[in-house]
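Chain IDs A, B, C and D follow the sequence of writing; residue 1 opens each chain.
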């Protein structure tokens, strides 16, 4: 198996190193990641300038772009590596509920949607126990053939995995979940620059709004690894009729 | 009605000016847009630095950030304007099928998901007939009360509107559609910098892969305005069982 | 006379508009400026990516780069305009003493050093009386032929002009000056980002250290327009012997 | 002796590693460098956003800013290190003649002008023999006390050192030089982006225009280490009278 690894915390992040060292016994790994922290990059592509891949001292590829740029270039053949699947992470911090809209970690996995196997995004709900998330990644990837085989997950699917920030022995198990929701983000933080001008710093995620049983928030809170299948088609099929009725007014 | 307008082509783009002048008779408009072209920005947030809003000569707000930053700051109260809904566009070029993953225009609308009314993203499938798209925007927004009222579109819904690039009189009508799909993107374009180093420029969208009847691609090809309801919840509910079966192996 | 105008405050800055409207009766003006505020850009060149000039609604050229990029591209023939001289400004705030090392306004003028006539950088020691600085610019440029003719200022010379922030009638006259000096900059300002990490914001210029008679600081303090001739050759000719003696130890 | 090291090629450049390992026996070294290649950054300061220093795996400090930012923050006390002098390099490629205007390597050294000892900028006229330049740096720094002592180089002086790209045994000796000059830069290179728009890429330095005996170009051509003393005061003292005569017309 050939694995393409990426992340959004940047090529020097500890989570990426942990992921690479955990998965390398399962197959050949090619690591391509942003040269800087690009948390919050979502699926953004750098269209205004060409990109320059550079190899780092530990053999990873570093790109002056976004997580999506990295996977896009890798699948475009730049590194002479044809991956079977994309694994993205280990993100420093959870990607739960609406976080997935903004997450570069999830976006990197999503960019692998044309490959045969479902892509995997892995986040640690904290900043300490990367080795737990690395072990989770190892277990998931080594069982992956079955998922894309007999279980026949549909194409263009992505698994969003969140891992509790605790030793592996204290993990309660694995749970399939749906995304919860966050409420509106807290207001931007006001800072003054040294010349007295006011600037506004985006404060990040909103408070948890929907975290009931079955959600990813709930699984993490109970100490389970949360696994949410995501699709890439954003069509709201159950609203097609309503919109159609509305359009009758316009036509 | 109070309307928050944004886009991803930047505060000086002709599509934004056309949108603003078309909608201002329907309500108070506040325009907040990126200071540069940010096409392909997706839902990316600028988390690494504070942002500086500046008012331009025509009263629009210009922000050194992404489309999502713009709407995020506006909803965070920066401009003393509490909008009823977000309208984003008019994008220079279509946003069809998988384009919506990368589009900053769609992302700006998505950031308005906490408001009562469905948000609207409007794109012109070309670069000439902005006045057609502006007229379409006017008709949609003026009928919008009904959509959020008696038709009761669910919360966290977004309408992705694409308009054929032709005079309004030649528009065939309005069609509700589902997203088609594009295939894998074409390979990055190789350029040499003046010092002889190779760089790679992302080539943009892939070829159309699924554009059958009912898709947004098909509506545009036939000269109809395409209206696709999008949801924001990416959970693949129909795969929960399969993943659950798979997890039994791991638990 | 053909004049190339630029600045470092960006293409939409009021000082640039004032400069252009003041000088256009003296010759054909081509305006090429950064799309954003690039104060502090010094002589920096964008070497890592290609640049995209775009024309704004008032006919100025806007470039996604530095002041030096702007003049560099203009002299490289991009706008089919062969200027006789470069005028840069009107900067919002003074450029006195060591400020010239960091100033993009001065750097833009410096990039015009290959043209026949000395280049001109104009800064307003404040943010109100742009019309005063515009009138000063008009008077200087209209007398410029003499400077490059009978007075034969050497090639590769630049005039750094600072104008007191007061009505023109209250200007005491014009003074030739040498650069004063600033002491070490004040310490960077510490800010916390919304995630609790400490960042450091450069606080700007140091306190005035040498501002005695004959300096630019002194002229401005007394209400005179300060004009400092600058050269571009940084060789310290009077130290060549000392360094030579030192090298004897190494050879 | 406490040495502050920086460069403009970025914290991972081989020249910086060679410099640090060469100088560490002469004193305590603190290394602070840009996180990316910032060649051509000149003395630019990042004023629009706060900076985030991060320590790399080999103990260097990496900053998301310019070379001048790096030295500025270090002298501002961020790293609890009070250096005696600044050494910048080893640059990949020469910094000769007008190159010093644009060089971030020279600018980093210049930012150390408030310290007691002259600062040092070291560039390799090529990309292979970093060990030669490292040995040159070692010899210069170990003799530096004498330069700032009995030879009493004036304050605010900088030595710009260029080293031939050859084995140390083939170095002909050390020469004090003045800066030569380059002619106007070659025209920007035109590239097409993947969407067909024309962009312009700055092509870099102009051809050599003045490289006679005594210049830095000449010393390098003959196989000598070139050492040019630079001052920071850009006042053209020998033109003060001419400008004064001209101003009589205006007063």
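We adopt the following convention: a contact is a pair of C-beta atoms (placed from the backbone, for glycine too) under 8 Å apart; a residue touches a chain by one contact, two chains touch by 3 or more.
These figures come from a predicted structure and were not determined experimentally.
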Which chain pair is joined by more contacting C-beta pairs, C-D or B-C?
-> C-D
Chain centres from averaged Cα atoms put subunit A and subunit C apart, in whole Å, by 46
For subunit B and subunit C, let me know how many angstrom lie between their CA-based centres, rounded off.
-> 41
Distance from the CA centroid of subunit C to that of subunit D, rounded to the nearest Å?
-> 22
Overlap residues in subunit D, where contacts from two or more other chains coincide | 47-50, 52, 64, 188-189, 191, 193, 195, 201-202, 204
Please categorise the chain-chain contact pattern as a line, ring, star, complete graph or other.
-> complete
Quick one: in the complex, what on subunit D touches subunit B?
-> 48-50, 52, 64, 188-189, 191, 193-195, 201-204
How about subunit A: which of its residues touch subunit D in the complex?
-> 12, 35-36, 47-48, 56-57, 64, 193, 195
Tell me, which parts of subunit D touch subunit C in their complex?
-> 37, 39-53, 66, 68-69, 72-73, 75-78, 98, 100-102, 104, 107, 110, 114, 139-140, 143, 146-147, 151-154, 157, 159, 173-176, 178-179, 181, 183-185, 187-189, 191, 193, 197, 199-202, 204, 227-240, 242-247, 249-251
